[in-house]
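Labels A, B, C and D are assigned to the chains in the order they are written; within every chain, residues are numbered from 1.
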Amino acid sequence: MVIVMQKTARAEEIQKIVDTIEALQLRVHISEGTERTIVGIIGNKSVLTDIPLESFDGVEKIVHVTHPFKMASREFHPEPTIIEVGNVRIGAGTPVIMAGPCAVESREQILQTAHAVKAAGATCLRGGAFKPRSSPYSFQGLKEEGLKLLAEARKETGLAIVTEVMDPVNLPMVAEYADILQIGARNMQNFHLLKEVGKTGKPVMLKRGIAATIEEWLMSAEYILSEGNPNVMLCERGIRTFEKYTRNTMDLNAIPVIKHLSHLPVIADPSHGTGVARYVPAMSKASIAAGADGLILEVHPNPAKAMSDGPQSLTLEQFDQLMKELGNR
Amino acid sequence: MVIVMQKTARAEEIQKIVDTIEALQLRVHISEGTERTIVGIIGNKSVLTDIPLESFDGVEKIVHVTHPFKMASREFHPEPTIIEVGNVRIGAGTPVIMAGPCAVESREQILQTAHAVKAAGATCLRGGAFKPRSSPYSFQGLKEEGLKLLAEARKETGLAIVTEVMDPVNLPMVAEYADILQIGARNMQNFHLLKEVGKTGKPVMLKRGIAATIEEWLMSAEYILSEGNPNVMLCERGIRTFEKYTRNTMDLNAIPVIKHLSHLPVIADPSHGTGVARYVPAMSKASIAAGADGLILEVHPNPAKAMSDGPQSLTLEQFDQLMKELGNR
Amino acid sequence: MVIVMQKTARAEEIQKIVDTIEALQLRVHISEGTERTIVGIIGNKSVLTDIPLESFDGVEKIVHVTHPFKMASREFHPEPTIIEVGNVRIGAGTPVIMAGPCAVESREQILQTAHAVKAAGATCLRGGAFKPRSSPYSFQGLKEEGLKLLAEARKETGLAIVTEVMDPVNLPMVAEYADILQIGARNMQNFHLLKEVGKTGKPVMLKRGIAATIEEWLMSAEYILSEGNPNVMLCERGIRTFEKYTRNTMDLNAIPVIKHLSHLPVIADPSHGTGVARYVPAMSKASIAAGADGLILEVHPNPAKAMSDGPQSLTLEQFDQLMKELGNR
Amino acid sequence: MVIVMQKTARAEEIQKIVDTIEALQLRVHISEGTERTIVGIIGNKSVLTDIPLESFDGVEKIVHVTHPFKMASREFHPEPTIIEVGNVRIGAGTPVIMAGPCAVESREQILQTAHAVKAAGATCLRGGAFKPRSSPYSFQGLKEEGLKLLAEARKETGLAIVTEVMDPVNLPMVAEYADILQIGARNMQNFHLLKEVGKTGKPVMLKRGIAATIEEWLMSAEYILSEGNPNVMLCERGIRTFEKYTRNTMDLNAIPVIKHLSHLPVIADPSHGTGVARYVPAMSKASIAAGADGLILEVHPNPAKAMSDGPQSLTLEQFDQLMKELGNR
């Protein structure tokens, strides 16, 4: 950490900072420039987390030279993390395909979809039983009934189940049915929920918040990891920009950036990342080419009758075609 | 609602849409242009909420001509809402001042601050007992001990207490101590929590999400209102942009926009909106001039020792000076 | 075009709009809903371009149902445009590789780079002679001397030259040397310059503005096309977001979106799109997978001595390796 | 400037940097931490502008501790700049009001508006003769005829004229008629144009680019200042965000930030900043309260017949009313 002093900082202001830091058993390194003084801090900076150095008199700004995440960092864990979910290995080199409807709507819908996506090459089934909706008047999911239908689909097909958990109250129920707990974009900084899924030890797919930086996203992963759960995968699902032709702007840059900074697997979600089924195949291929460890795709037997997110859902035929083009069959 | 058909839409595609809509007891109005057909829908569109018309064959796009929020809308409730918290009336014309530290840190800190902000003209005391922090390694608040200290400060000063609730599990405890329940920016779309605070009936201050549109923000208010709780105030606390000299970009446009669209009071938070104490006075004045129903300000006896958000906290003296300039004393 | 009236609109306000539109020889189609009236307009709406219908009394909003671009639209020109630059065909199916330094710095630098990128598979040489720099104190390019060095490199290698033109005053000089005129992101809406490059008839590469929507970008292409120059290619080079680990956020969604909306070729620029050489190979592959018609890449014999944009430049060896991985050699 | 080395940096990599810096007559200050080495640079860093230190082997990142702008900086010029335009003094404490139509449309329109805004308290007349329009098919302004009408309005009323110059080719003509040369948001980084208006010595109003940071905006001012023209005022006109209820998001934070960083006057433009006439009065008051040195407002005798930007134009009566509320009459 480096403290840049104001041009006008006085000697006693600098001394007060030095005293504060040394009282914490850290060493300081003072560099007097022609215009201003810079104070470097040497040692374990975690003791400084809650000292508001920016507020000390004479301070211009604080510059952090190390990343705030630790357990999520590749420096801390040089080898890539591989998450095992039954026979599925996420992060092991071969992209994993997760597919299914936005929401579980009926027994027929989920079973038909499960069989079809399995036949086409998927190894995980997605489907929401609890749905976060911006309107309180929209369909909110089948809840436990939906979870039971997912379990039935797993039993029939062997697909692993990925489904969203929205709050700590329903977490025990969701965790009983799910193989992978999904944390949605709107909950990326629901810290209470992050800690609770951390305690379960189950695989977690953490979606990026709609305006989250990569650093904040990794800090949210850190919340889960620091509860003792190493099974965290990240999911890039697009960020909000001013562009209107697409629902979100997929940030594929995030894939190589995370591969550099972290050891955690990254899944891409071109369905939410574009919001338009027509653009999903191109962006699925781009995501794999960028280095994604897998895809999560919305697939519906009849998108025109989907209860949510129909416009971004592939039909069973479109999904099968995409799998062929990706060489997954 | 208006459905714009593709140029290439066929007659049977248009008919299928007409049939779907008429089956829901709505009327359609077809307008055949030189290039494409437009289908207008007449009647109560709420029955269409979960019909994915965008996915029907031949559809180019759907245009919504009415707002999705109802109870939050000024059309629904033409008179401005006034929220009464003890003797404090929020939305009644005179700006309400809420002030206090980011986090409750100690008995001495909160009592000293409470007395000082009361003397300077504040009528509500802010202070976090549960703190959302992007790092799991940062100070997370004094929790119930902090709530008890706030209650003590209320007893001594008569100030109403506004404090954040972060999750449904701790809601009963927070609701026992707080006069106004604050929902933080990161939880603006934590729908489970919104419903639960809706059920309490207590005054709620709903902060705008860091990348939320005004429409989404009002939809989140709708979640609380639709549970039967009319005591919702909104809080503009800045949105994320690419600007780096400030922590967030205050969107003061939102104040007259909300006054036009909704009947709910709006509070401005220049402390988070700028992130820099030096800019808080100017933006406090601007917020009031834009029509805000109140301010929420971070004030700390010694910002250089604050355990969070020190750089944006006013000292007791700076706060007193600002109150004088605002004519609040 | 659809005009949504306010709930409170009076009959005479609606009539005034109808009269205005019919006076322009357009037809109207009125749809009276339960809550409000909608006025559809039928016919060639271009005569309405400068009528501010939003300002008429009683109007809530105007909804455009067609795209504002015409000559850039795929509806207008269904076949993809192929641009021929000597032997290079852009948009013909095989991705075209453009490579070279950010700025032309010396005869040795540009000739060495030109030979190397040609050997590795590039067919166009990039290099700036006029450099837009945010600081007036930074290196601004070798100007005409740089153009002459590019011409010499073309003579030696046969590579086509792509170089930026920044203003109409220097356009004749740049057009004399360049095979492809590059319009930089900062000039995407420099309309005077767009018209002037339109008049030259030369191939133009139009970079996307740092916060431009795809619609605005296509409208800027329309400026060039409408001057009679059909040789326009678009270049996605990243947009500005709040993310800090990368210089820009590459919007690869834009590639399939433009392929759908327009017939113009799209080139991807992962060097500016990421700002970090380490991430360029992954994003080059992703761009091609998304459907880009080509790549433009910064390559420098010694990035540590580059006079601009060194951090995002590949070395000659890294470029050669990437070409092998892309199957271009 | 501080160079943060990678954890894995080798001694010879550090030495190479030290040698490079010392060869430029600068001093280095090495601070060896427990994890990594930091190299501080002492002396006049302008000689480093074009050395790509980020690209040196072993470098993690470069941290700039001083602002890149010099002549625009308050450190360089502690007293506020006052710009004199005839009798009008901009930056002298009393807010200056500039008002008029988006575009000059006719003799009658501009003269009527000029007399009315003068009577209401304005001292400058705005009006575009050259109009930047995103569509080549939209009205582009009356050009020289418009400038002549502005000059006539000045002669009749004594109002100073502020009008946009879009390109260096027409600059001599515009400079002949204008009192204040306006650089539009789209041209904020049209560096050639900035230099040319710098050479004229005339007062310049530099609008902020739609996605420009404050630092970039001040760097563009630096381009004008460094050509010897000290008469630069800045104009905040809103930035692009994802919010849809307003055309742009006014960043009023920018006003106190610029007052802190720079000595240049700042004008606010609530017409473009909101895009909706209904919200202009509230944001005009907020802008003044935030510390703006003036307002530039769109006013039209009949917004429903304006050839551009009608929806954000005040009527003559609305403008008069606002002036009364601001205490300007």
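Please note the rule applied: a contact is a pair of C-beta atoms (placed from the backbone, for glycine too) under 8 Å apart; a residue touches a chain by one contact, two chains touch by 3 or more.
Since the structure is predicted, the reported quantities are computational estimates derived from the model, not experimental observations.
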Of all other chains, the one whose Cα centre sits farthest from subunit A: D
Distance from subunit D to subunit A - Cα centre to Cα centre, in angstrom: 38
Rounded Å distance, subunit B centre to subunit D centre (Cα mean): 31
Length of the line joining the C-alpha centres of subunit A and subunit B, rounded to whole Å: 25
Residues of subunit D whose C-beta touches two or more other chains: 211, 240-242
Contact graph of the chains (line, ring, star, complete, other): complete
Residues of subunit C defined as touching subunit D within the complex: 46, 49-50, 52, 54-57, 68, 132-139, 166-170, 186-187, 189-193, 195, 210-211, 216, 219-220, 222-223, 226, 240, 277, 303-311, 313
Residues on subunit D engaged by subunit A in the complex (per definition of touch): 2, 4, 7, 29, 31-36, 38, 40, 42-44, 60-61, 63, 65-66, 75, 240-242
Residue ranges of subunit B touching subunit D (in the complex, touch as defined): 211, 213-215, 239, 241-246, 249-257, 259-261, 273-274, 278-279, 282-283, 285-291
